[in-house]
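The structure appears below as structure tokens.
Chain naming follows the written order as A, B, C and D, and within any one chain the residues start at number 1.
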């Protein structure tokens, strides 16, 4: 076992870093920048049953230390993904986490059935937290009964472990996590984006054609850390943490809060090399704090926390 | 009527800018930096029945384009405020919005009764959204029945208009707003801080002694704008907007989203002169877009929005 | 496709809010195709995370120097405009397809039509077309005299007609108002500018051969995030990504 | 209390990660009291919003120049350390109470005890005490030789004993290990350093007259946000604000 390796249901990763869904396409664009086999894994863009064009543009807006997106689940549909996108990832020999979306329970189920059957897919990530589509997505993610029901049904048909991706736009994320754990989820992904909006002060019009969008980037990291910290105390599922991670230090912070692996989203846009750079830096940081295996970092905060003193 | 004046229940403000609760003490510290009579109003720090010491330190942490605080409602108690703090504000002759907190319904009611009777207080702001105390605060702010009940009871005893300060840490802020409108609130203040956390990656320990804290600053502005935009469509109460405002442009953005007045919090720490600087800049910006009265900005986005084009 | 750390050699205001930034470094050697862009980081510590797409305006291969012209308008470009010579700028690129010149008939006249801050890439394009032997004519549209820039530089390459909205310089009106007299010789058209201008140009130039360069708000700039799509009827997918499939398209190919 | 825009005259690393920044501007004329601090903005466009409290280490009134010594440790101070001469730094101050020297008996010896990055304000204090006529002795604690700084400057003012944790320079151990031989002449004690050091100093110096300077994470720096409180038994409120009531307190006044 190498020093950085982590092992989660379906995901045996040589390091805990994987790009977050929607921020890495289906991998091929970043393959022009570096060797994807350096990654711990890849989360691919959301798949729906039929191809979707998504929302009108503008689809992104910049905010302080963050961005809003309202892509709207554009993708070529699950068949297209299985036939045209996944095969290109085979040579890298790393676990693929397939993100799944839909407007109805039936759609989620069918997409899961098809994509989880692909030998190239290691696990599925149930996206019940997309804030940018009118139907499905977040409506499952903010009511814990619907989330649990959907999880159960998807689990029934999935040939691979199921991670449920939670929305931060809820009063009580722990309740949601407990509900999907109870329903049979194999793991959690958290967090998806916070719903946000930006207006042009000159005109008063929203910047995004979709008006609202999902807030991501370093701005939301404190919310992600808090939610992972809270949820990891109450559920025993492994957590793929995400939300604002852009440095190796952020990765260790998030693992300390309770994450077993860490996904990097927005930071890929800022620096296309961010994932391999983080992976390269991690051993150095572990040396600095005298930790041998990175997996020991998970939940460290809970195990040993005491009131810190501000120290010179 | 001057160009910048706005009028809200109990608050006749010569401009729409007031410091946010907890970010301006009881005014006297900033009075050393500039003439407070320049302000549209002042929101004072939360009052509880008895004096409170608040949480252990460290109480603040820095995050990307934001900060976390866990002050814990430190204040000298409502009597102390009425006797020792309010009189110092009299000479400035501007509306005072008194922020009210408590651990129990009874405490909220009694604090309101006492402080709303002060002739120096123009309106009260019911803080049901403080994330930094174990009891009261946010527990009222995340269940809409408790929020409505409390609002009703506080309204019964208040001699001044009541603004309910909403928490963004909810699945559905519109529901909450509708509930307190129904219960008789005179206005809304939104948003309070998002619950967040930061860990020291070296030790895994939380930076804040209280572990979690409230996230404020520009990082959260997109969430605030979205919530104000949504709520203002469903309720007819005036909204005091806040969350990440630090420039005059931000003020106009927030008013366009639906705010009638705008509170400035964290930005005071970055630049103690921020409020008067914003007030000075506003007429310039109004000229630029050809708007005469600033009050026309409120809800502009809803009235006239159309899909914006990205334009050179 | 690479990330380059380039050093600023100059960064000066050449017209109202219009800056010319010259950057030097070995990476410039790859910047050979006009119409491509650099995805420019605003800075390491700034709260403005997203890169700004800026077109390559010129490259001096001997000096290893690339020129960008940009309007300091929003917060990011304003921050760029404050940078001093010697500071390092982090750019990705060259990105996008650029103008393909190989298939163009050298005997043609090229009509290059640019509006506002769409003008910069036409300079590099004009130079390359001249090298190839084409006659090059420019129609450049600005708001006013004060907003106009690089006129002399363009005049060195070819005939240059200027339009201004307020009439303070050249022909009063839009670039399309200057197109009438020129379309008769059936030139190849290259046009860069706001979508509304491109649409008007496409209408005026109906039937002619030409290329337009689009802009859209971008996330990644490299084809991964689907922020910058544009509908098209010609392609199977039903859309193109401006950052990767474009920014240059044949006239009529995309739905403006 | 004012905001000042000061211009960097120098910003150099004087020991491992320890920087000396000199800033100039008319605002420095008000920086007369040792122990006060400046609340320093990291920069205009950075994502690090909060100001950093840094003690005044020295002021040259003729040159209108204030000196700060700081450790580049976290992100904010690292960004400060990258600033170049000529750049502008936005500071609030002078803030806090500072060391009151008026009531001090001139015939006393002053024992100034500093640990790590608590050392800087003792330089300005030592100079002022000397001006007043007191004999000044320093005990300065560092991690190691490599981390030590300003020793020669301190020696010019008074006897200077250095301790290092690893023994690479001076006495091996903590500042308290160097206190024994000196407490006999009942000096006035001034101590700045981490809370744990201050606590140890207070114990060693029990019964003696003295002052300590505290540090805490700050929001506003001016007394408005209640971030930097410290419990005290002597005051009616039950607490003090370090930024405003402090950072200097009489020994024994606050609960460490």
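As a convention for this text, a residue touches a chain if its C-beta (ideal position, glycine included) is under 8 Å from a C-beta of that chain, and two chains touch if they have at least 3 such contacts.
The structure presented is a predicted model; accordingly, all values stated were derived computationally and were not measured.
Visitor: In this assembly, which chains make contact with subunit A and also with subunit C?
Guide: Chains that touch both subunit A and subunit C, as defined above, are B, D.
Visitor: With contacts defined as at the top, give the pair, A-D or B-D, that has more of them.
Guide: Between the two chain pairs, B-D has more contacting C-beta pairs.
Visitor: With centres defined by CA atoms only, which chain is the most remote from subunit B?
Guide: Chain C.
Visitor: Roughly how far is subunit A from subunit B, going centre to centre by Cα mean, in whole Å?
Guide: Centres of subunit A and subunit B (C-alpha means) sit 33 Å apart.
Visitor: Distance-wise, how many Å sit between the C-alpha centres of subunit C and subunit D, to the nearest whole number?
Guide: Centre separation, subunit C to subunit D: 54 Å.
Visitor: Based only on mean CA positions, could you tell me how far subunit A sits from subunit D in angstrom?
Guide: From the centre of subunit A to the centre of subunit D is 45 Å.
Visitor: Cα centroid separation between subunit B and subunit D, in whole Å?
Guide: That gives a centre separation of 36 Å.
Visitor: Which positions in subunit D touch two or more other chains at once?
Guide: 47-48, 216-217
Visitor: Out of subunit B, which residues touch more than one other chain, so two or more?
Guide: In subunit B, the residues touching two or more other chains are 57-58, 64-66, 207, 217-218, 310.
Visitor: Chain contact graph: line, ring, star, complete or other?
Guide: complete
Visitor: Subunit C touches which residues of subunit D in the complex?
Guide: 43, 45-48, 79
Visitor: For subunit D, which residues are in contact with subunit B within the complex?
Guide: Interface residues on the subunit D side: 1, 3, 41, 47-51, 76, 92, 216-231, 237-239, 244.
Visitor: Spell out the residues on subunit A that touch subunit D in their complex, using ranges where they run on.
Guide: Its residues touching subunit D are 64-65, 218, 309-312.
Visitor: Quick one: which bits of subunit D touch subunit A in the complex? Just the residue numbers, please.
Guide: 47, 71, 115-118, 193-196, 215-217
Visitor: Looking at the complex, which residues from subunit A come into contact with subunit B?
Guide: By the definition above, subunit A touches subunit B via 56-58, 63-66, 68, 142, 169-172, 194-207, 209, 211-212, 215, 217-223, 225-226, 229, 244, 249-250, 252-253, 256-257, 285, 288-289, 297, 300-301, 304-308, 310.
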